[in-house]
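After this come two complexes, each holding chain A, first together with chain B and then together with chain C.
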Partner chain A sequence: MSETAAPGGAIRSVLATDCGSTTTKAILIELTDEGWRQTWRGEAPTTVEAPFEDVTRGVLNAAMEVQELSGRQLVEDGGIKTPDVGGQGVDLYISTSSAGGGLQLVVGGVVRSMTAESAMRAALGAGAIVMDAFASNDKRKPHEQIERIRQLRPDMILLAGGIDGGTRKHVVALAEMVAAARPRTRLGGGFNLPIIYAGNQQVVGDIEERLSDISDLQVVENVRPVMENENLGPARDKIHDLFMEHVMAQAPGYDKLMGWVGVPIMPTPGAVGLIMQTIASQKGINVAGVDIGGATTDVFSVFEGKFNRTVSANLGMSYSVSNVLAEAGLPAILRWVPFHIDEKGLRNRIGNKMIRPTTIPETLEELKIEQAIAREALRLAFIQHKEFAVELRGVQQERTIADAFRQTGSGDTLVKMKKLDLIVGSGGVLSHAPRRSQSMKMLIDAFEPECVTEIAVDSIFMMPHLGVLSTVDQEAATEVFERDCIVYLGTCVAPEGEMKTNSNVLTVQLTFPDGRTESRTMGPGELWSLPAEHDPGVKAVLTPLQSNLDVGAGPGKPLTKTLRGGVVGLVFDTRGRPIQIPTEQSVRVPLLEKWVDAMDEYPTAEGQG
Partner chain B sequence: MAAIFTPGLTVTEHHIVQKTRQLPLEGEVMVSVGDMVKSDDVVAKTSLPGKVFPVNVANQLGIDPGRLSTYMRKKVGDSVTKDELLAETPGIMGFFKSEARAVVTGTLETISNVTGTVIIQADPIPVEIDAYINGRVVSVIESEGCVVQAMATMVQGIFGLGGETKGLIAMAASSPDEVIGPQHITADHKGKVVIGGAYVTIEGLKKAVEVGAAALVTGGFDYDEIKELLGYEVGVAITGGEDLGTTLIVTEGFGQIGMAPATFELLQKRVGKRASVNGATQIRAGVIRPEIVVTFDDEEVPEELVAPPEPVGITEGDLIRGIRAPWFGRIGTVSGLPVKPIKVGSETTVRVLAVDFGDGKTALLPRSNVERIER
Partner chain C sequence: MNQPRPVPIKLAALLLLWVLTLALPASAATVSVQAPPDNDGLNLDVSWTESTDPAGWGVLRAEAGSSEWTLLKLLPGDAREHSDKVTTDVWNHPPADEYQYKVVALRAPVLLDEIEESEQVATVLAAGVASEPGTGSPKGSFIRTGLKSKNYGPLVMLLIILAVGVMMQKFTADVRAGKEVFIRRIPGIDAIEEGIGRATEMGKPILYVPGIDELQDIQTIASMLILGQVAEKVAEYQSDIIVSCCIPIVREVADEVVKSGFYQAGYPDAYNPRNTRFISSEQFAFCAGTNGIIYREQPATNIYLGRFFAESLILAETGFVNKSIQIAGTAEATQLPFFIAACDYTLIGEELFAVSAYLSKDPRLVSSLKASDWVKLFVVVCLIVGTVLTSFGLPIINNLFAISGG
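Up next is the complex of A and B:
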């Protein structure tokens, strides 16, 4: 049991909310006899929309739901009741937010693949959406860039450029371009647009001369002080400060919300990123995480200690759902729908979800469609992440000059699927899927893990809440994370390599903790799932039956390994990478049904068309 | 009484409408508080800065940027015309002169002795905004615009395409379930706000554009027809800038869905009146829904209807509309708000409300899948 010092005394209870673009989620965390536990949760539509236009209404509605369920009074006089007196009220109220489209930045740098990319990494690491990146070597002409900056209306601009003591001319040219655009803030209000300058420190005077009159200019340390180093922390911290001071203060109701919270409101992706890094460092593993929201999908990865985050700004399950259709195309979504459906009807359903983003699938058919769309949103977001997560990292890095010149989107990705140990899924469609097997299958279909990969989900979408809690009380956050947040679904085994379709693929021999054994030889295009506990796991001998196939020990070589199960268990997947799905509907639908049955994904009595 | 909070659409006969009319940049406000304005009256005007053109004059002259000021023939703030001399070097004995000329007509904004770049701003673009609705100016936003208020019939749609327009209301449908095709649209609809029914075909909409209808209001429209109409898919619902010629307002959603009878009847009641219509939709923070506003002007409005409605949640007895399958488009009355969550057909456990659809049966619907119909 932990007693935690906090402003005003020891904390015994915490109410945490995450104001998403669609839903506001509230959880109650209490210090119990078993230590810190997440005890109750509630949610309500986010109320930044008319007629309410006040985010606190959604917060209070979600808190009221927790209050009704828990019996603990949380709402008093139109606000959150603090502190906890005799089990009524809470000692601390905290919140994250991605409502209002999140934090939107424009970044600039001298060379697109160097300082502009470092600026982008700092912005993404802070939890922002990068609306556009400008550079001196931009393909667009200067007047086109100026027009674009004028149109974008970001929340702030992060301007990098030049190493310390490096180019003056190009950095000043960038500042002159920004000054000529006279950019304005997205949310209006009577203040200048914040511009963070994090470039060549020897030209700060030139920058001030050009930008201080037209903006709220903030100067921080260079994100790229020398070619071989990134120093993203100061720029990222300044983004967080300005997020609170400018962006949050302008969003409907946030001025009130900021008065309620015990610690600063954090952008949701920033909080999730904190948790992902904690998992990877505590377990010493490579992790890929995804948080699929209504408007955006964030992907995080930590490979050999290198953290990267990307945000796919227009891939999401409500506001952006039609954009998933536009980007993936209807055939890509249809290939995951395990029943026959009229195409026009499907397009209209997706359009209706876009215009009424807070609705949920009531019927099984609607659920299957939504999960088909989710697969494509996740798949596209992960592709974008792999393209961005190249030889750079989100904190600070040492590299050789030769390495520094290789940092382009076409460089080697850090995300090596064969070395990926754990995939963590979060966001409504994954955390709230009625069956955990649905979440596991969505993640396998979208991420296509290779060799042996463990899969987990955030139980009820509380990683953002715990991310912000960890800034106040690391111990409480860790306890709740292990006990109530992360749900280990199981392990996926999938041979990597081109598969011959006319011969067997894999032999699996399993020895369970109770001595029971099971073995199977799998052909191509199969899914086999069986229950298994997470601890102590199942001893497995995995033997590829085609010489080029690899399950982790090298092509054609058998692998002996303990496989961790979970609430779903073990899944053996010989569908190939990429997963081979027939285009002909009459062939595809029966095959999808077979895979659905293999994982007991949906109830069988209804909804098959 | 228990209440739930789900954003709904306003469909109200008597509604105090306030419209903020704001310039994109500071300018001149032409009206004062208390003024009565007509929808076409200009209430504020300004000039948008013209496009900006950076020209690297130092490079053109082949000089060090630090010496640029020495050779400039124009200074910051000067007007320049296209091809006019901006700077020149003296050359040697009058020979080998270099010069730089203006690429556009405008004003010289900056001269940089670091980069050697001169920025010319093209001539400003005049912008005027009108009152959009007939009404009274109730406040002035200094140098930016004003707020116009009026008593009006207000109908919000769920999705729209195209921007602001005005016209007299005309009916093309005789019932809220009627499907509108090209045969329903006539030359008489030119400049009118045409009211359809359950659905408009792409041919019907194209005919409306062809005859010059100001706007077309329909219950439903096919999502995939948007691409045919615009040439691209609307992936994120942020609209209003489309140049269709006819503003489209969809009141219920995508597909063939009867217009809510209350909406249809209300619009029918205002036939022949002038409506202000805007298709702009933004389904994000600071949500904007498309709208049809018909002001009462000199018509008498009962005193008790003048108070603006307070936003309230859904309570028992309220009229709601189902907004997701299998109840999509169905209208019913809330008969209960059970506290305990239940498992619905998708196996999702959700909080629900009980709805009487008027056929003697009560259904339990997820609370997120309904919207309140304002009355």
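Up next is the complex of A and C:
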């Protein structure tokens, strides 16, 4: 460990790095007269692989860039200068890492939709990529499961199964299957693969008997001690510990980096999840976030305090772009392209992107196509997330006679769009869109928010850094998140409910802070955007004009609320849920152009804007 | 058929006869008997000719070759026809091959109120001039198209049966071709697999009760079909299932069904015949025995599918106290409220019969389920339209479905 100021002490400056697969990003966070601010940032190529094979080289390069820009000395004697003495050095150095593919786990449980799912939630919540989930009902023969584990070579295995005092034979069978596979670590080395056992505590002896010789077995509390509750914390913490001890220790240069940091290095997605949870709990809101990358798309949500994360490993904007095409289908992507293009042309352009994944759009048409693909990638990733973020299955229900004809099943999604307060987008296609209105419209089209929902993007992908910072100083992390990390785009208002297409949908009456008023009655299929400040917001009276439509106060009831704008402003969307788009290109393109114009998404033909 | 016995003639009747014969027509009527064209084989139309109207007519019937006459009706003097339904109970009194009818012209209206019923035929015969008997055979026709009754019921039924057959063929072909046939989500059925999963995680068995009725009851048959699929799923999860039976023969069939389920899943060794148990044929002894299983073996999931009576609430409450997930299903309307209140999921009425198709996705079962749904929809529409039309005096739909009568 370095000589950093102790976590929780009087920290005045923090250097945070995120070691990605290709780029190491460094930001400087300082306590200024205005409070905590992110002041400078720098980046450099990651140096995990040959010829350097030392991650700290990239870290120092990124820190040097920040040093040059800020004038604050950050690098000293081939390391990060700590603590902050007279404005030189920093009090705390923290880091996240997703280099080398991040943390890759295999999980196992007895029943796929029960303990195996709980184990997946624990692993994903810790920021891992779940390579596969084994269960006694996954319809694979034991030899197939063994072969698969041998092929995968994960960083660690998380085994769950059975409630405390529950099944023994299934859990032991699972352990025997793993023992038979004799899995090896991905990064090699002369140590045993870490296996975390978080299942039925009454069979720990049986598990130790079978696994302790062939692995570094760690026993933690059961992820599902009873059917009614999960206990994911101990398993997540153990994953973090083992990530540091085993995975990071094996990666080139990480042993040195671990000595520099003030708090343990976290997997990047785990840190993003942490800041999401911090923001949701501090503001008392429901949040959904998405990080769309080149190969994968991460979706996070915090609803009623329950955090969930999913990784859509085959949905991304460069390496996985053809997978988006395969999963969504060409017509689904085509429906978002606001100009005339034939299917063959679109398919070729997507294919070109796949074989040249690092290219970025050069023409306006390419940008429109890229953003059409992004809509589908985001939409599919969010659907997968909604299917995973569900209530626990296998829990006893209590009924009354009133439930006779409305018996709901268990396993309903936790992601209730009407209760969603904030959507945060991240990733190149959202954060670096030429116009913020494009980001906002992509998020509206993909997530289809209902009622009143604020929308924001991560300005420079600072969330991982702030996630780690939140473990040390929640206040500082929240302040920087609000002021520098998040860019509020505005608020989307969309009535929920089946819409009649032959009558008006919504009346909007707005009173701006300067006393100016504006009102409008909207019909079906309309999009209306107008600028508005985030603070102090705009007072709005929203009146649904169809009795079954709900804007947040109940079907048919008017809602009075202060709507917060942003760099885009307020968007009123009466296109219905799901958004209705004609299939006929001659009808669809003019409609899409109308919506593009409504949000001033792209420059006009005359070159305006 | 009524079997009139010979009637003694009393003095009063003889006096009445003398009075009535004073105004008789000069000649006896000529009787003809015909089966109507839209006949279901139970009707004969009797008509006769006579130039002058007597005071009244008596219509009598006897089976061909029999002299045991039955008085059918007393009619006014201007009547010349009568439609007779030869039997109203075709199962116990099937119609004869041939009937003979005769009419008796009466001098004055016969007052039969004061005469014993058994004397009526003799009284009427004695009071007038009887015609020669006319004979006729009732003839049935499957489709009755006669304008008189406008009864299209059998034709409509035929068309519905054909339509169901065509639909079943189409849906079967669709399912076999891989086309997705939408079946409404029924949470109670989805919960069966969830319940098996719960039992697996908890290391406890699943209790299955197939009702307390005999095997031939349709609900017990449906329950046995479902048991096969539940047993297969239980075997896949390598868990245990206990079947508690009230009827010995049901136990035998259930045992075979469970064994077959374990074999189908590829785990024949996991099948345990001791887990399919006959408890008692007495309703409450069975109930007590099954409650004992719930208390002793503490199943994680209880499934009650079949025909239940008063034991339903006792079983379901015991299971609830044991904190089991409970899935019930019965077409016994009186027991549904108890199941709904005490169980996690309840399959209401016909949902019980949809489970098998829902779980197995067998093209034949799915297609029959879809076809019967369409028929139900058709019937509901007919009920609504028929009610409205009949309310406005247009019983068109009623006539379409009328089968008997005429």
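Definition applied: the second predicted complex is superposed on the first by the 482 of 609 C-alpha atoms of A that agree within 3 Å, B and C clash if a C-alpha of one lies under 4 Å from a C-alpha of the other, contacts with A are read in each partner's own complex, and residues count from 1 in each chain.
Methods note: a residue touches a chain if its C-beta (ideal position, glycine included) is under 8 Å from a C-beta of that chain, and two chains touch if they have at least 3 such contacts.
Since this is a predicted model, take the numbers as computed values, not measurements.
Applying the stated contact rule after C-alpha superposition, one finds that A:114 touches chain C and leaves chain B untouched. In the superposition on chain A, contact is made by A:177 with chain B only, not with chain C. In the superposition on chain A, contact of A:162 is made with chain C only, not with chain B. In the superposition on chain A, A:364 makes contact with chain B only, while chain C stays out of contact range.
Of the two partner chains placed by the overlay, only chain C lies in contact with A:227; chain B stays clear of it.
One of chain B and chain C touches more residues of chain A, and that partner is B. In the superposition on chain A, the residues of chain A touched by chain B in one structure and by chain C in the other are 168-170.
By the touch criterion stated above, chain A contacts chain C in their complex at residues 110-111, 113-115, 136-137, 139, 161-163, 165-170, 224, 227, 393-397, 399-401, 403-405, 407-411.
Considering their complex, residues 21, 44-45, 47-53, 57-58, 61, 65, 68, 99-101, 142-143, 146-147, 168-170, 172-173, 176-177, 179-182, 187, 206, 251-252, 295, 314, 319-320, 322-327, 344-345, 347-352, 354-367, 432, 434-435, 603, 606-607 of chain A touch chain B. If you check the complex, the residues on chain C that touch chain A are 185, 187-188, 190-191, 194-195, 197-198, 200-204, 236-238, 323-325, 336-337, 340-346, 348. Every residue of chain B that touches chain A in the complex is listed here, in rising order: 5-8, 10, 49, 51-54, 65, 109-110, 112, 114-115, 117, 119, 121, 158-159, 222-224, 233-237, 253-255, 281, 283-287, 289, 311, 323-328, 339, 343-351, 365-366, 368-369, 371.
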